[in-house]
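One structure follows; several queries about it will come next.
Chain naming follows the written order as A, B and C, and within any one chain the residues start at number 1.
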Amino acid sequence: MAAVPFSYIARNLWVRRVTTALTAGGMALVVYVFATVLMMSEGIRSTLVATGQPDNVMVLRKGANAEINSGIERRQANILSTLPGVAADAQGRPLISAEPVVLISLPKRSNGKPSNVTVRGTSELGLQLRPGARIVEGRMFRPGTSEIVVGQATAAGFAGIDIGASLRFAGREWLIVGRIDAGRSGFDSEIWGDAEQMLQAFRRQAYSIVVFRLTEPGLFEATQALIDADPRLALEAKPEVRFYAEQSEALATFINILGLSLAVIFSIGAVVGAMITMFAAVASRIGEIGTLRALGFRRGAVLAAFMAESLLLSAVGGVLGLAAASVMQTVNVSTTNFQTFAELAFKFVLTPQIAVQALVFALAMGVVGGFIPAWRAARLEIVECLRAA
Amino acid sequence: MTALIRISHLSKGYVRGGQAIPVLLDIDLEVARGEFIALMGPSGSGKSTLLNLIAGIDKPSAGTIAIDGVDIAGLSEGELADWRAANVGFIFQFYNLLPVLSAFDNVELPLLLTNLSSRERHDRVAAMLGLVGLTDRADHYPSELSGGQQQRVAIARALVTDPVLIVADEPTGDLDRTTGEEVLSLLDQLVHELGKTIVMVTHDPKAAARAGRMVHLEKGVLVDEVPETIRGA
Amino acid sequence: MFMFRLLLKNAFRHKLRTLLTMVGLVVAISAFGLLRTIVDAWYAGVEGSSSTRLITRSNISLTFALPLNYIQRLRAVEGVTQVSWSNWFGGVYITERNFFPQFAVDPATYLPLYPEYKIDEAQKLAFLRDRQGVLVGRKLADKFGWKLGDPIPLRGTIYPGTWTFTLRAIWDGADAKTDESQLLMHWSYLNESVRQRAPGRADAVGVYILGIDEPNNAAMVSQRVDKLFANSLAETMTETEAAFQLSFVSMSEAILVAVQAVSLIIVMIIMAVMANTMTMTARERLAEYATLKALGFSPGFVVRLLFGESLLIAAIGGVAGLLLTIPLAAAFRSAVGTLFPVFQVSTLTMALQLAAALGVGAVAAAWPAWRMSRIDIVAGLRHVG
């Protein structure tokens, strides 16, 4: 079946530029919201997933759903360090770090309002356990001192966090000596200091969590079994990757549900716009439809022509919306993660998958909006068209 | 000359609001190959309907229309479309060119329904545009052409598939006298030099004068034919 | 009246297009209303706060406890009329999805600070007498179908273990703004258990709630309290309850800003759709409007026709959208439940919805109307539509 030439379809959109712009614009806005939401939850997910190492294990108190709710006593930490699966570093020290984790309240740079920042008591072993994190400015804090290092997102997002400055909390002045780049993971939003100093300053006797590396990832089940079996430890072990994935779940799910339901609602508006435009296109070209049919083009060709027009319109809208959404990649966002109660900085991440989903969504809008008008156009009788022209 | 069109007991009616409205009643008509025939009559006489039926863009309620041996009244919609593409060229009162396509593309349209290659189509279109004298306007859009020029493009389009039958609905209706004359001369050329058969609906006596035969319709029936010999004063 | 009928008939000449435009309007206006209501609900905690209550928390962050022995000194602060305290329990009722706030409080001092919780006397006594008893808000009880005397098990996350409580009393809020989605338990019961399991963590208070005599004194009293504990082991930060609630809201600020931006975007989308419709309408009616002008109607009349039609469609769509918002909000609330204790479509939202609809109607007609008013009669009459 011969098709109506593509130049006819494309030029018709161009000739009625204002209408095309308005309709495609509406679709672009919808695709922008749709893609941005997906990019946001992908950004959260990838930030938190980047935070986890495949051969690290996190241990928390049983039932604790966040680091700040968890407590591990010294003797329990000691028992963990004697587990058979724990790897050792170059100096032969067990690669295990017992860390107190607390939240302090600092004013954000953007609006001066206070937000919770994670402060983690750790050590040089702790830095080794997170190979994705490196000191990019200054140096690591010295053990036994009130020195701290800050994640790059914290440095950027909060006021007064520069190397050489002091932060006051827990009744002490803490000197900032270094900045960490943690490869866009959750650690970029943290402040690290000496674990023992933190315990003293916050007057805690117990650590929050223990993290250690396995000699090989396959040992996890066996190690977990050992921990579960020990009555002295009322603790729960998780692969670090899974732990952090779970930490982002609630927030990512919330954003997904809210955002996608909004996108669907908006798409109704955009589809209505497309339908109106296509109906008008058909109405204004009734004479042309009659001519094409008289010349011998089939009903199917007419249907295909108007569907193609609608799809082209929505493709334009889709590309524009996606382009606008991709600009969001330059934006830094941070929000409080409900689960950890702490500030988490992340970026909008555009993956090829999201781009495809956005374009498919746009085309779907084009199909839904264009179908009925195209169908009506194809159903017209030739003499009706020619008479109405 | 052999009969190209044989119409027998042709009737057409509509149903509107439960009422049956007859438009054509029991028409018999023969048109010879290479004839130039004008269908005339007051508005509502059914002449346009007859033209539509001959062109294959409408279906009769009863009767047969045999064109070049094929009874088009018995063809399915798809077959009719294919038949039109191969056998009919259309000329409309308001030219019916697609405004977003250039003159060249407009003329090429019917060829898209054939199996010709791009090169072959190009040559045919160029030849037709040359025939109507618009080679230098090939890239212009209808809005950039005068009424007469648009009609000539339409004529080129009507010829491009070398159809056996040309159907014209008020071809000079929107043109001034001079331009109308040019178009009519062109139509003459089609008949006398290319051997085309033309069935034309017209109100214009000048146009009718060019036709070899005038057929009158009134209230759906054929009334006195005015043969060439008597007319012409 | 003639004008109105003319507008109505004109609007529905092209039924399908007008209907589609209205559908778009209804969807957009109701979505706009729903989004605004969500944002309002987020701030509802702030709305419901009292101007005579202050919250004192650890200066470090909300996650740090304050010592119980601050009570005496707090009572002595000038301007403070009542001192109570509360700990966030943060337990899980069956699954994480059933989230609702749970606080351990000292009822004797807490309840007088919250007069908006209306409790039947007999129930209140039963709650006070049973240290394992809990007091819940009406909305929460209704959501889970709890009756007086029902056992309520909670899985502790901050205070580990399984805790079982008995429902002894239900409160009704004094007005629509009062939170009815909380569960209150006895602080002394919690404290005793903590003392047994982890003695170091006992006698620790989450926040202190202070009642003050005069709302105007809030800032002064706050400063007094914080000065009192400055340079101590547990420094405090005191603020009004409204400010305290706001600090929670600002944590999710990024999301709220996004939601508000999105509600603007949706209005823009529908404006584009409507502008499209009116432009098409105007284009089709070119010859008609030219005729009217030729007949002697003023250019202003034509403009009024176009505006009138646009505003009429917008008004009908807007009102329908507004009416749709109410059941939509109700459905959203029942889906989300206790996440938003107060979820109501405010009158301001409704006013804004109407304003948005009419605004869209006006803007959509602006450009076509301007073009129509300048139309040359002859050009218009010749135009073959």
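One rule holds for everything that comes next: contacts are C-beta pairs under 8 Å (C-beta built on N, C-alpha and C of every residue); 3 or more make two chains touch, one makes a residue touch a chain.
For clarity, every value in this text was computed on a predicted model and none was experimentally measured.
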item	value
Chains touching both chain A and chain B	none
Identity of the chain that, by mean CA position, is farthest from chain B	C
Centre-most chain [mean C-alpha coordinates]	A
Distance from chain B to chain A - Cα centre to Cα centre, in angstrom	65
Distance between chain centroids, defined by C-alpha means - chain B, chain C (Å)	70
Between chain A and chain C, centroid-to-centroid distance (C-alpha), Å	25
Touching two or more other chains - residues of chain A	none
Residues of chain A defined as touching chain C within the complex	18-19, 22-23, 25-26, 29-30, 32-33, 61-66, 68-69, 71, 102-105, 111, 113-116, 169-171, 202-203, 205, 234, 250, 255, 258, 262, 265-266, 268-270, 272-273, 275-277, 279-280, 333-336, 341, 343
Touch list for chain B against partner chain A, complex	52, 55, 57-58, 77-78, 81-82, 84-86, 90, 92, 94, 96, 98-101, 105, 109-110, 112-113
List of chain C residues in touch with chain A within their complex	16-17, 20-21, 23-24, 27-28, 31, 35, 59-64, 90, 96, 155-158, 160-161, 198, 200, 231, 233, 235, 237, 247, 250-255, 259, 262, 265-266, 268-270, 272-273, 275-277, 279-280
In the complex, chain A residues that touch chain B	2-3, 5, 7-8, 11-12, 14-15, 287-288, 290-299, 382-383, 386, 389
